[in-house]
């Protein structure tokens, strides 16, 4: 399946994400999920970025928390709400929120 | 200080708890904190029970989730709401909820 | 153009998840899609009439009214969830419907995409 | 006998934290202590009049009325938090007061114990 | 005449949030959905418990006694009574050392005939691929 | 005439919940508490950021632009403007690699004179011991 996952938290949900498998996987970092794209804990980027997937982060949620695209890990693409709608309808058949 | 800590979650809060130091420390497991007293993950009891503290678990929250005192780790004492009130007023000067 | 059904169970203020859901609806409608919006549990607060707008809180009433006006957006609150919180029919913001949970299930039947935003 | 001030910021249904706070108040009053109870944010839902009791939801109105009757329990909801959620004065359950946040701070001044239950 | 299949995947612990309760009550609501649909059209739910979510399936939940609240156990039984497909992840049960006899596996006491099934995660993954829409609670 | 000291310890990330916002607005409310108290009596707050909570202290929060919502940044500045004591845990900043110039350290732009202080966790522990009541957000 082509699965889009909204990742909305920083501390929980990785266990669920790690087990998911999909032919095509997109991970959209929203809400406090944006810290996965921006924060290094003792120098190390979030382990979820090691998953084989396309990564996106919502610009509005990034900016609200004091970050901008220059803080974002190179594996992650910054997107807007409009882009998210297109991803949902064009790139993924199923979408979940964790 | 004499500190009572209400631990209300299973997945978060351990980082905060680990750093706290107190001359006398009481940890009262409530809500989803009760899983620390009852659940072994791959055979291992929750690491918070290794902390040097007095441990309590609220009977009502234990029972609501399908457990009883026979499931509780031997380091943890089962208490009622009335007992909790006495602990708060008699044994600890400050109380926090995490 | 497609149909998106959003189920939202999060609380009004304190979690920005409802803001996310409303902004996503706005973006979808702007691109010509239609949106069914279901609120259950604490998210039924979104359907409450007379929320006062403070700058410390997200105020979504105006955006919702604009969305209703497009004709491509319908929103329904879980009736029992609302009643349990003391919101009667007369407390419901204009444009909102109240139904039981089967409305949400029925909406997913014809949806191209379903997004359930589950909990705080 | 002591005074306990409880601040509760959690939501009504969905989190049992408010149930905990009310049950703790009950136990404290039963032992002769007095309790000041402050609700802010989503917990202001607790002060809403007319909540219908369903078995799927915790219904705390009755316990609160019994607590008020003891004279050892007072409860206050954050006024701005309530207004932001569309609860006017007329929506407030009997026995409850509405004040700004300084009421809570003042209550802690003379409290022997303060328990802040912070968030969902 | 068509059937749309919806998965309700429960990964949350009970009671802290309403997530698991809402998953079950919404899944059950599929039974009355025809009032909104054409004749013969159906919405068919499958309920899956994974991760911490398996704790929802423990027997003897005393939420009514202690908090005056319908237990998740009761909702599980109602789901089975209405013949909903309920899957519980075997690996997660094993991880927590939970045995089948500790679980709500049937609703025989209220006249139900359908049983919950303990299955490997791979079976749940297959269901997630087979359904039309996925929801995580 | 007495002073009661209250600690507001913020360990939560901003925006997902209202926790950090409420901590700051309640701490600020200490400034008007005298209407309920005897002359000369005071409630004095100290605000401490630990763990993930240090993320609340980042500059350039665009919550107003994106969500029409007062930012936590604004509440931080209001706290400093009112001369509240604000402590930020050094070890946690180091852990996340956050430098002082990325933080809201003062409210000079709105006329404030008090600065936030970056201190080791041991200092925060001392505050927790010194205050009359502790609250974790």
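For reference, chains read A, B, C, D, E and F in written order, and residue numbers begin at 1 within each chain.
Here is the rule we use: a residue touches a chain if its C-beta (ideal position, glycine included) is under 8 Å from a C-beta of that chain, and two chains touch if they have at least 3 such contacts.
What you see is a predicted model; the values in this text were computed from it and never measured.
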*Which chains lie in contact with each of chain E and chain F?*
A, B, C, D
*How many hops, at fewest, get you from chain A to chain D via touching chains?*
2
*Would you mind telling me which chain pair, D-E or D-F, is linked by more contacting C-beta pairs?*
D-F
*Can you give the whole-Å distance between the Cα centres of chain C and chain F?*
34
*Between chain B and chain D, tell me the centre distance in angstrom, where each centre is the average of that chain's C-alpha atoms.*
24
*asked:* How many angstrom lie between the centres of chain C and chain D, each centre taken as the mean Cα position?
replied: 28
*asked:* Measuring centre to centre with CA averages, how many angstrom lie between chain A and chain B?
replied: 34
*Which positions in chain C touch two or more other chains at once?*
9, 13-16, 41-42, 56-57, 59, 113-114, 116, 118-120
*List, in ascending order, every residue of chain B touching at least 2 other chains.*
8, 11, 31, 60-61, 64, 94-97
*Multi-chain contacts in chain F: which residues touch at least two other chains?*
15-18, 25, 67, 69, 133-136
*Got a list of which chains touch which?*
A-B, A-C, A-E, A-F, B-D, B-E, B-F, C-D, C-E, C-F, D-E, D-F
*Would you pull the chain B residues touching chain F in the complex into a rising list?*
1, 3, 15-16, 19, 21, 94-98
*asked:* Help me check something: in the complex, which residues belonging to chain D touch chain F?
replied: 7, 9, 40-42, 100-109, 111, 113-114, 116, 118-120
_Which stretch or stretches of chain D touch chain B in the complex?_
2, 4, 16-17, 20, 23-24, 26-28, 30-31, 33, 112-118
*Provide the residue numbers of chain A that touch chain B in the complex, in ascending order.*
11-12
_Going by the contact rule set out above, which residues of chain C touch chain D in the complex?_
9, 11-15, 41-42, 45, 48-54, 56-57, 59, 80-81, 83-86, 88, 91, 119-120
